[in-house]
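As structure tokens, here come the structures.
Look for subunit A in each of the two complexes below; its partner is subunit B in the first and subunit C in the second.
Then we have the complex of A and B:
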């Protein structure tokens, strides 16, 4: 490489302990379609691939993030690489878009962050992240609402009744959703209730009541799924639907770290 | 921002963006996404998805 070829960066997906089998990533191309490799430093390994800085320097990245197709392709690639390690080794996911200008600086990051990374890996060892969302199925309420009113007064009255009914329902179902979260948290090592997504982001007509993430002992994954199934039957009568996702890399259970 | 992605896949795109861009350890690289950039991504997706949602409604009403 010549001194002028500054166009390559080292994209870092996450950090694993260095005893991970590099073959784990063999079948998973990186965000720039190139091979995924490990940069090893004293027992820690950064999961990396080289990227063109034409796509990934600050300016380009900001521009590219506005293109949904680009974002989707790269975000999926980032997640696929990390997902390949799930279940094989403890893993600390890094936020999308962390890039170093040369390999030496990746080594230095591992060295500087060593204590913090080791303690995170130890905490995450043998654990997986699962997601559970609860949605309120409002289809019946909506059907009642859409009937045609013959007069304006009748229409307003109906709207008012619907609003009142919705407020009463919502207190009950919110309690149920909280209970779901508490029950799942009680069989998890750690739990987060993230803010529910508004309908335009969840792309579902139903109101999201719970957006939970759970750190679960990998050996208890099936037990957790059974608990979700039991809860599903319990809350079905309240019109609440539960959606289980994962296992995910433990995105929700690492320190956010420094703000930029 | 435009997209021809099937709607079902956009659900997972949001799920993915929520985790990949909004969570995970923030370690300052030589290049690192700023929090403001992530907020802009959300804003962009929200505008995109809101407009798709209104389009859905128009189509439903016409159907």
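Then we have the complex of A and C:
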């Protein structure tokens, strides 16, 4: 209540090289609605905004994570800030929820991790992340078991055939999805196949077959989109739908773990 | 420079608003570099969050088989309106169990 020194924290979104134009963040408010600025240290810049520790100290964060609306709003804000730099400068995204107690600590972080950050930025220069998800349209795949059986034996046989057909279909579509990923990976600088999202998360009834992320040369974004379009036509007959997302900050293409 | 195409980056922003929440959460919470801040969400919290989501999904599947969808009102996945979710959940469970015939609807 009274101590002013604990009221404010420095929320860090990511790191860019210091020659980035600060104006790119002018239109995107931070997670706490305040302005987004840069903390510059020897050629590197941390993208930051101040946050109230009432919302962002450890205890509050843990509590707030459980509130869907809070999490959605803040996660989207985090992503939006980083997205403002996508396509203008190389960018190392930080995971949601990294806060320092004062600006000096942000400077020190940039200094301590300088070598690693510089090499990541160099690797990511001129590249963007694109996402491609593949969904199986179940109505397409589940055609077949119609009609009624007159005997129990016939019924069981039919059940068995239907199950076998379904298994074959699923092997075929999984093969297709793998092929889609391989083709896209072959025209990317790097690629990841993440675990497919379960239906309640994807908010779609269809089964997700592929949850891919691709690191693509920014100048070849249209080529990549055309490749997705071509693949889309190819797999359409198998009841597979492709969804292209992004460009994203390269979340999937930075080292995840804390290294010392 | 020539590292990036010349179009305005702002064109990305419009497209992003339509981004699916799961895509955003998956990236923002689970990917990205982890740097020790003075304050940060610890990995365990993220794990718990993921587990919670998975559990929720597992029970959601079972619930759907039973014809109830209480997760719509779960405090975590709930979107939009606030209170009354416990009451609502109880009502749905009662209905599903056939305990509550027609208390407020006919």
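Quick note on the criterion: the second predicted complex is superposed on the first by the 230 of 260 C-alpha atoms of A that agree within 3 Å, B and C clash if a C-alpha of one lies under 4 Å from a C-alpha of the other, contacts with A are read in each partner's own complex, and residues count from 1 in each chain.
Convention: a residue touches a chain if its C-beta (ideal position, glycine included) is under 8 Å from a C-beta of that chain, and two chains touch if they have at least 3 such contacts.
This one's a predicted model, so the numbers in the text were calculated from it and none came from an experiment.
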Clash or fit (per the criteria above) of subunit B with subunit C on subunit A: clash
Subunit B or subunit C, by number of subunit A residues touched: C
Subunit B versus subunit C as contact partner of A:126, first or second or both or neither: second
Partner chain in contact with A:17 - subunit B first, subunit C second, else both or neither: neither
Listed stretches 6-14, 42-50 or 96-104 of subunit C, narrowed to the one that overlaps subunit B: 42-50
Overlapping contact positions on subunit A, where the subunit C interface meets the subunit B interface: 9, 12, 14, 53, 56-58, 61-62, 65-69, 71-72, 75-76, 78-79, 92-101, 105, 109, 113, 120, 131, 194, 197, 199-203, 245, 248-249, 251-252, 254-258
Residues of subunit A touching subunit B in the complex: 9, 12, 14, 53, 56-58, 61-62, 65-69, 71-72, 75-76, 78-79, 92-101, 105, 109, 113, 120, 131, 194, 197, 199-204, 245, 248-249, 251-252, 254-260
Complex interface listing, subunit C residues touching subunit A: 3-5, 7, 9-10, 12-13, 16, 19-41, 45, 49, 53-54, 56-57, 60-61, 71, 75-79
Residues of subunit B touching subunit A in the complex: 1-3, 5, 7, 10-11, 13-35, 37, 40-41, 44-46, 48-50, 53
Complex interface listing, subunit A residues touching subunit C: 9, 12, 14, 24, 27-28, 53, 56-58, 61-62, 65-69, 71-72, 75-76, 78-80, 83-90, 92-101, 105, 109, 113, 120, 125-126, 131, 194, 197-203, 218-219, 221, 245, 247-249, 251-252, 254-258
